[in-house]
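One chain, subunit A, appears in both complexes that follow, with subunit B as partner in the first and subunit C in the second.
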Partner chain A sequence: MAEVVFIGLSLASVLLLVALGLAITYGAMGVINMAHGEMVMLGAYTTVLTRIYLHLDILAAIPLAFIATALIGYAIERVVVRRLYGRLLDTLLATWGVAILIQQAVRLELGASFFGLHIAGLGPGLQNVAVPPELTGALTLGSVQVNAFRAFIIGVTLLLTLVTWLLMYRTSIGIQVRAIMRNPRMAAACGIDVDRVNALTFAYGSGLAGVAGVMVSGFKTVFPDMGTPMVVDAFLVVVVGGVGSLLGSVFSAGLLGQLNGVTAFLANDIIARAVVFAFVIAVIMTRPRGLFSQKAR
Partner chain B sequence: MPGKRTLDYAAYAVFIALILCAPLVLEEFWLNRIAKFLVYGLLGVAIALSWGYAGILNLGQGLFFGLGAYMMAMSLKLASPTSLQQGSATPVPDFMLWNAEPGAKTDLCCINHGSFLWTPFQNPWFGIGMAVLAPVLVATVIGWVMFRKRISGVFVSIIMLALVLLVRLVVIDAQPLTNGFNGLTDLGNLTVLGVELDPYEVVTYYVVAGTLALALIATRLLVETRAGLILQAIRDDQNRVRYLGFDVPLYQVFFFAVSAGIAGVAGLLYVVVAQFASPTFMDLSFSITMVVWAAVGGRASLLGACIGAIGINIIEAGASETQALVQAWRAVIGLIFVLVVLYLPRGVAGFASDAADAVLSRFGRKRPPAARPASERVAS
Partner chain C sequence: MDTTTRLTTRRTALLGAAGALAAPYFFHRAARAADAIKVGVLFSQTGGLSIVEKSLNDVTLMAISEINAKGGVLGRPVQAVVEDGASDPKTFNEKASKLVIQDKVPSVFACYTSASRKAVLPVFERRQSLLLYPTYYEGFECSKNVAYTGAVPNQQLSNFIPWITKTLGKKKFFIVGSNYIYPREMAKVSKILIEKNGGQWVADEYLELGDSEWGSMVNKIKNSGADVVLSNVVGDSVVAFYREFKNQGLTQDKLPICATVTSEIEIAAMGPEYAAGSFTSFPYFMAIDTDANKAFVERYRAFVKNPKAVTHHALESSYFQVHLWAQAVAKAGEAAPLPIRNALAGQEFAAPGGMVKIEPQNLHTWLTPRIAQWQPDGQGKIIDAYQAPVMPLPYVAYGETDGAPFCTGKGLDTARLKG
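What follows is the complex of A and B.
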């Protein structure tokens, strides 16, 4: 049974890792960023490219992926999202377009494939990432054998959640973000540079997705379409947890991860995902604002 | 000088005349393709009805399309030659034989658990009826629960999104009943009233085009009825309509179900034309793609959304002649979509309508300044 719980925990940590960035962009900024999954995908590709061109392993890819995706996220906010604040469903549609563009950019190797050129590591094919030897194998925790890389992911997730929490609740920029979350106009009236803070928040959320991508690349095949199912799952985590509540996202990721793990153990993976969806629908039907929602103003 | 509404009706008339005359110039291969695109146009109408007129962005319209498709495909599977040769008095789908319970009799009643559900589909009319009824029923139940609880906006979108993915997984998991990932293939032709609808015959095209024309006219008349006007009022300000004493959920459920029914008919026709049904109909990307078509064509216009769907697909078919262009075209679609949301929120139809306004006012007729189109507020 402990193994099932660990599998659930490991599923939950990946969910949370991807959802963390979304919790910030959706929760704090009211933007449904469908391109979030593509940020995860780009993070995973950063790992691939780091290995090919810099001969560095997955650990070195973490900061690189964060920087790369944060920059791209910043650009997306400046060019597209900035014009759509307050139009929630339109942000969903526009970022879906952005997501397609990013996918195609990877698939077409940034346009190089038109000229018959090939960039190693990009393109429509599948890529694999090797996990460094110190992270392979199993750890023994008490009586349970635990996959070392899965444990590493759980550790990274905990660390990033802690960092994000500190940023949001213990720094001045966090206070500004939370002020904008509550009431953007009032925040602006109090002298907060809403434009700048929004752009930085979006960049940070995208950066988190990039790190998630590095982690995911360690146990999943990397390909251009990999982000879409992840963004859906992560989005459901945020909605179930309650928009704007970091704690809610942590809790709901744990809940959905365990639900998925236990059902997969009892039935099969397909049914497990179906049960998760059913659970999400039931939660939204009964508590549309999520399990841990703040009072809206 | 004709008024705006006359122009609008004229656009419908021209479009319907165009699709009905297409067989005069097109050969059979293209006719089959265009028929498929007209089915997508029908989906565009369904989206515009629920999104543009009811303000409900349904990110799970593929559920209704898929339901309609599967219901029809079950009948056509039983009519297929591949189902008739399994050594049984009644047809049995070939994949059921591969998934049979050990020692079970080769018959729909009991070849595996649940296969009896297929029995009534031996009558094609049952398949046709269910293709419309099943989506309408599902939409009514879901809509009833959602709209009674005053769930609205993005939460409806999320519920429908989760629901379509849920049903997709259930269909995939029920391998012995639905052939899982592979879907229902090798279908027979639909034969109704003694006419066999071969997908490459002109008659099939006319069935599709006729249905689309009817759907366009019917929905257009429907939104101009009193109920349609109340629906649009609900879209613009739900609470105000509620305080005026109208039963808001009733109208929402009704139009949600109509939209689902149209999507179901689209699924039915798609199966007749394309001869397969697959769980990919219930992929998230397909449901969002439909919304893209409608948004580009004009979310607030039935005809616009319909033309958007057909137009994008015709261009896509043209681009798919070369492999490199297919991928590039997808990128272009992504770009177009971003640009439309940013700069043309009412789509091509909104642009055309503004142009018509400009032309009309130029010819001296004093018109009151157009009210801010509600569609721009719908999405927020």
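What follows is the complex of A and C.
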């Protein structure tokens, strides 16, 4: 049974890892960011490129991926998203377009493949991410065997959640972000530079997605379409948890992860998936604002 | 979409430029270029399946260029009309219609997944055209308008299961696959063979296609008491599966994964250390140690300008089916679908993986079953191979045998199927 709980925990940590950035961009900013999965994908490709060109491993890729995807997120906010605040459906379409652009850019090797050139580490194929030997195999904790890489992911997720919580609730910029969440115009009237804070928040959310990408690259497959299914899962977590609530996202990731893990153990993975979706639908029907809703803008 | 079209146009332009350069040497033929035999080439160049299908497209063009370098067929050059299926069955159907109706090509080399084949099948049957399909698939099909050059279940399993029970000495199978028709049909054939060989299967489990969360499943495998895993897992989930397997502390020497779909592509992507010691059954491996195969790998790498490109079973079939087709056209004496099909029956070719032959009765292909064990360098080491090709039996899951094929020149014997 301990193994089942651990697997549920690990499923939850992967969900939360990917959802954390979305909890910021969707939850806090009200932008339906369909390009979130592509930020995860770019993070994973950063890992691939870091190894090929800098000969560094997956640990070194974590800060690099954060910086790279945060910068790209910042650019997306400046160019596209900032013109669309308050227009929920338009952000959905625009960021979806951005997502397709990013996918194709990776697949066509930034356009080099038109000229018959090949950039190692990009292109339509599957990429290989090497994992350091200390993170492969299983650790034995008491009587249970625990997947080392998954334990590592749980650790990183806890750390990132803690950092995000501190940023949001213990720093002055966090106060500004939360003020904007509640009421952007009032926040602006109080002297908060809404434009700047929004850009930074979006960049931070994208950076978190990039780190998630590094982590999932160690056990999933890296290819241009990898982000698409992940964004769906991330939205489930944020919607169930309640838009705008960090604690809600943590709680709902845990719930969905365990639900998935236990059902998969009792029945099978296909039924588990259906049960998770049924649960999410039930939550949306009975509590449309999610389990931990707060008054949002 | 726009970028793809442009890509195709550009490639066509390049081919044209190459033709113009060659003109002084082949002036005679260039003058008759209008007489070129057009063929359709339809694989996904975009979308998720482009990972594999791009390589099938490339090798098909390579085979066509080889045929042209030797003077074409019936003295006419072969001209490829390349279309993009975009990993979407509906697009495959539209493009196949375009190739058959508008371009009037007598044959199309197309499709990787069963979903796309099923989507284009009505086009070829209604228009009495000819499809050449290069992928290993689940069988259960008997079309008079398709030549199948990949393996069917009996060519991957009828050697594999007895080998696992006898040589490996493993009797308790955990069958795992992606949740769609191919793995389910493969599981059906496997169960018949497992029981026939004195083994038993302890579970038959599936994960959604493209899902890569293997935590629960691998834990289940670990606690199932099975001593061998038979994997029909497909696509990018393969990578996550082998990684999770190792990371939960399972080892290939105690609980080997015996796979029917894991090829050189997935091994390279997961990192060979995860697969080392596991087994795959395919008629072709890149590691086949013959001069013909080594030369083939070299030519392919030069053609795609990638010194690390890998070859695999569907890719080899994509290559030799073009040559089989060219021989059939030469024999038929005309480039029309039905004469080509009739001439294809019984056609033989020395492929990179050995002799292949189109079975006249069901238009499937005689292939040589092989089993390889994956090595730490990412290549398969062939540890068991049949001496000669075996007959393709697309209905083996329903009791078809060598002596009594269900699918013959007259069509499918449905009475036998029910019995």
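Heads up, the rule we're going with is that the second predicted complex is superposed on the first by the 295 of 297 C-alpha atoms of A that agree within 3 Å, B and C clash if a C-alpha of one lies under 4 Å from a C-alpha of the other, contacts with A are read in each partner's own complex, and residues count from 1 in each chain.
Keep this in mind: a contact is a pair of C-beta atoms (placed from the backbone, for glycine too) under 8 Å apart; a residue touches a chain by one contact, two chains touch by 3 or more.
Since this is a predicted model, take the numbers as computed values, not measurements.
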Which superposed partner A:99 touches (first subunit B, second subunit C, both, neither): first
Which of subunit B and subunit C A:83 touches, first, second, both or neither: first
Partner chain(s) touched by A:127 [first = subunit B, second = subunit C, both, neither]: second
Partner chain(s) touched by A:239 [first = subunit B, second = subunit C, both, neither]: first
Subunit B versus subunit C as contact partner of A:273, first or second or both or neither: both
Which superposed partner A:192 touches (first subunit B, second subunit C, both, neither): neither
First (subunit B), second (subunit C), both or neither touched by A:138: second
Subunit B versus subunit C as contact partner of A:284, first or second or both or neither: first
Touching partner for A:107 - first (subunit B), second (subunit C), both, neither: both
Subunit B and subunit C contact sites that coincide on subunit A, given as residue numbers: 104, 107-108, 114, 124, 268, 270, 273
Complex interface listing, subunit C residues touching subunit A: 3, 7, 10, 46-48, 50-51, 54, 179, 205-208, 210-213, 215-217, 219-220, 236-237, 239-240, 243-244, 246-249, 265-266, 268-271, 273, 305-306
Residues of subunit A that touch subunit C when the two form their complex: 3-4, 7, 10-11, 14, 104, 107-108, 114, 116, 118, 124-131, 136-138, 145, 147-150, 218-223, 225-226, 229, 260-261, 264-265, 268-270, 272-273
Subunit B contact footprint on subunit A (complex, rising order): 32, 80, 83-84, 86-90, 92-94, 96-101, 103-105, 107-108, 113-114, 124, 228, 232, 235-236, 239, 268, 270-271, 273-274, 277-278, 280-281, 284-285, 288
Contact set on subunit B toward subunit A in their complex: 57, 145-146, 149, 151, 153-155, 157-159, 161-163, 165-166, 169-170, 172-173, 284-285, 288, 291-292, 295, 324, 327-328, 330-331, 333-338, 341-342, 345, 379-380
